[in-house]
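Next come two complexes built around subunit A: one with subunit B, the other with subunit C.
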Partner chain A sequence: MAGRLREMRCELSFLKNADGSACFSQGATCIWASCSGPGDVHASKASDEAMTLDISYRANCGDNKFNVLNNIIHSTLSNAINLELFPHTTISVTVHGIQDDGSMGAVAINGACFALLDNGMPFETVFCGVLIVRVKDELIIDPTAKQEAASTGRVLFSVCKGSDGHPEVCAMDAIGHWDFIQLEAAWSLAQPSASAIFDFYKTVMKRKLSVDEQ
Partner chain B sequence: MSFEVTGPPLVSPWMMLSMSEARNDIDETKIVIPGHSVCDAPQQFMRGHGTYVRDGEIVSSLSGVVQQLNRLLMVKTIKQRYAGEVGDVVVARVVEVQAKRWKCDVASRLHANLPLGSVLLPGGDFRRKDVEDEEKMSEFLKNGELICAEVQQVQHDGTLMLHTRNNKYGKLQQGILIKVPPHLIKKSKKHFHTLPYGMAVIIGCNGSVWVTPSLPETTLEEDGSHVHEFQIVPPDVRVTMVRIAACVRLLRDYSISIYLNSLTTCYEMSQPYEIKELAEQDTSSRLAYLIAARLLQELQQQK
Partner chain C sequence: MTVYLPGDVINEPSSSDSSIIGYGISVRGQTRIATQPGAFHNDDGKVWLNVHSKRYIPQEGDRVIAIVTSKTGDFFRLDIGTAEYAMINFTNFEGATKRNRPNLKTGDIIYATVFDTTPRTEAELTCVDDEKRARGMGQLNGGFMFKVSLNHCRRLINPSCKILQTVGKFFKFEITVGMNGRIWISASTSDDIIKIHDIINKSEFITDEDELITLVQNNYTRSVSD
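Moving on, here comes the complex of A and B:
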């Protein structure tokens, strides 16, 4: 098992016109995330019971009409935000892939969380993404593009902080054949990484607040 | 595994000042992110803004600093969407004309409502609005037009009700609009300021700053309606307008509170520079540092 996250970098309030934004990179994989809202929405899209989520992941090239990551980010945000607090409103989260060197799904989820933290809207718990691939029966965490291409299976965990402070899975996307034992091993590898990412969130927010509190 | 944390693209000038560089006055244990426990003994406290109860403990729902007021625990966040309060002066943009009301964008969670009965219409000050007025609504305020209004009421769902039943409120023309984050606007008794340079500034609580040559003079017609008289703005006045707008942008980019004193200080200290230089990072960072230092000095003198 190879369990080591690549270097993480984050810059908050990166885009001027968004309510919350972040430039986040993990290794050489980099994304720009923006989050605008909660804002008013047209009556045709508005819901009387809850806030509507408008999620858009855009790769750095190719067709941007639909991406499987939209569903994962959507279900993660639905779990993290109490949507019933803001009826008749919408929140728009856009994630742009700038450079892809593997683990793009995990980086996109982390970037979306940073944008949401920068936005300042209330949500129940922080969340993060951890990608694990299987290369020749070895599990590799936060793989590069080269490792991802050589993999026989990959699993993306969308992790949120549980009530006891320990990581919990709130969404998952698996490609390839995974048996129960392998998934258990992958999850046990993902947990400490998720905790490290949560600590990184707090480090970044401490730095941001120390600047902004003035 | 290594972490690198970088600040916003333009770091706040407060960080440059030696006296506040370390920022040791913020207790790190009081900084929380969503999902973090706010206190160890939840039975002794009541939960306030930015918190919720989960499994018997008080948990933060915002990223910010924990504040305690007697037995009330709340989380204060810095950056948030504008939440209106009664009496706030706002600069809003009309987005929709509906039956007996205008929908206005005030950068809040929901669009604000400006009822037909809460505006001064041509043809009399305070009179009942009839069907004829309702038909002419789109002539009076069109989509995309800017207005200055006051928050009259905040409804239970957070919708703001505006009114312009005063001569100082109404349609805005011939000026420059600068949008800034609402948390940078310092609340004060007056939000309409006439500057000594023949300029007027409306600092909206919703983060919209309106710079205009001077607050338009109103003349009273025979039927009792107020008509704004607008003249061609001379080039030298336009230059002053652009300089003030550049000063507002500079204060915004360097996270300095925007109020009359900071604006006049910035304007006076920017005089040696050309307007285009205020957008350059070298000049703007130097100027922002000096402005921050002077404002801090004035603040200490007041104390």
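Moving on, here comes the complex of A and C:
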């Protein structure tokens, strides 16, 4: 299983009330993501110079308080969206974890990007998430929940497509002890998967936009 | 058909002479970059992406359907589906003067043109053209208003689109399509309005003409109360 992504599936525009929505799964891990905006913002949160990001990740159990995934999704969206295009507005991105079989962080980032693509608002670059774990000195990409539980280290890469079309790290979150050589090996392993996810984005958007072919 | 995602470099057409850069594309130096996901279109020196979206961003010259939400002095505040309310002055109606004001109440629907937008202020609308004629703009009375996606609205007002022509062969109706995703229809009976509404909603993903005719025929013969 090392070095290969599980099967990805995606359905777009399935929530009627959201401007953009996506149901995305990798293997047995499934999330629902929605993206609404640019919309109205309360005066206390409004910024005269930039759009306000309202990011919320919600697990399917427990309360809906702050989740650590909010941070990396917020960082990624701040990098991907030109926030100055729509000052005095807000964009709401909500990710619900429906089923967790590992790699929830990566799947949440991918779902957020799909919701943004479905919304259709302007942004600078596509992004995706790749989770790599270390189990007994072996690196595993897109781990299942069992592999994640057995791991001694985890690193979640948030990858943007650079201006030359190659993947670039734009945010990362590491747990456990990682030295530089191991991180470099993990990044080498993550890059082909990031390119595969970018190709999947293209495939899904081509299917969505096929109604224009006439 | 070529699909571009945000960040992709657009290289076609190879000759960049006299190109007008349209929706969804931005220019960085000599390079054209897609900023929105869409299908690439190219026509007579113009390039643009056809973006599928539901959220309206005001553009000057768009015809939109607005809902009156309040009145503030000389201005009416209008909901056009954007982050900020839009505004219209009472003098921007046909024949309106200080002695002859338009009679608009909260909840009324009007069809107007966006004539001023800046990112930091509200959009300004008008119901008259440069010669102070309405040209079909103004208040819409009766009928039924509903929301569809923006790309479906653009498709409906395309002269080569068959949807409204086919519906027109079966129903007698009046329709206003706003660029902000709102459609207003009026017909002689409520049943007809319901049927036309269903046809327009369901035709969004239909590209085959025979399938479209079947959809319209089925709705024409069906009974709404079932």
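As a working rule, the second predicted complex is superposed on the first by the 209 of 214 C-alpha atoms of A that agree within 3 Å, B and C clash if a C-alpha of one lies under 4 Å from a C-alpha of the other, contacts with A are read in each partner's own complex, and residues count from 1 in each chain.
Everything below uses one rule, namely that contacts are C-beta pairs under 8 Å (C-beta built on N, C-alpha and C of every residue); 3 or more make two chains touch, one makes a residue touch a chain.
Remember, it's a predicted structure, so these values are computed and weren't measured experimentally.
Student: Overlaying the two complexes on subunit A, which is it for subunit B and subunit C: clash or fit?
Tutor: On the superposed model, which is not a single observed complex, subunit B and subunit C clash.
Student: Which partner does A:S44 reach: the first (subunit B), the second (subunit C), both, or neither?
Tutor: After superposing on A, A:S44 lies clear of both subunit B and subunit C.
Student: For A:R9, is the partner it touches subunit B (first), subunit C (second), both, or none of the two (neither)?
Tutor: The first partner, subunit B, only.
Student: Where does A:K206 make contact in the superposed view: on subunit B (first), on subunit C (second), on both, or on neither?
Tutor: A:K206 contacts both subunit B and subunit C.
Student: Once the shared chain is lined up, is A:K161 touching subunit B (first), subunit C (second), both, or neither of them?
Tutor: A:K161: touches subunit B and subunit C.
Student: In the three-chain superposition, say which chain, subunit B or subunit C, touches more residues of subunit A.
Tutor: Larger number of subunit A residues touched: B.
Student: Which of the two partners, first being subunit B and second being subunit C, lies in contact with A:F86: first, second, both, or neither?
Tutor: The answer is both, since A:F86 touches subunit B and subunit C.
Student: Starting from the residues of subunit A touching subunit B, keep only those that also touch subunit C in the other complex, and list them.
Tutor: Looking at subunit A, the two contact sets intersect at 19-20, 37-40, 80, 86-89, 117-126, 160-161, 163, 165, 201-202, 205-206, 208-214.
Student: Of all residues in subunit A, which touch subunit C in the complex?
Tutor: So the residues of subunit A touching subunit C come out as 19-20, 36-41, 48, 80, 85-90, 117-126, 160-161, 163, 165, 198, 201-202, 205-206, 208-214.
Student: Can you name the residues of subunit C that touch subunit A in the complex?
Tutor: Contacts found on subunit C: 1, 3, 5-9, 24, 35-39, 50-55, 57, 82-84, 119-120, 150-151, 204-205, 207.
Student: Inside the complex, what are the residues of subunit A that reach subunit B?
Tutor: Residues of subunit A touching subunit B: 4-14, 19-20, 37-40, 80, 82, 86-89, 117-126, 160-161, 163, 165, 196, 200-214.
Student: Flag every residue of subunit B that touches subunit A in the complex, lowest number first.
Tutor: 1-9, 11-12, 14-15, 20, 23, 26, 28, 31, 33-37, 50, 52, 54-55, 59, 61-65, 77-81, 105, 109-111, 157, 255
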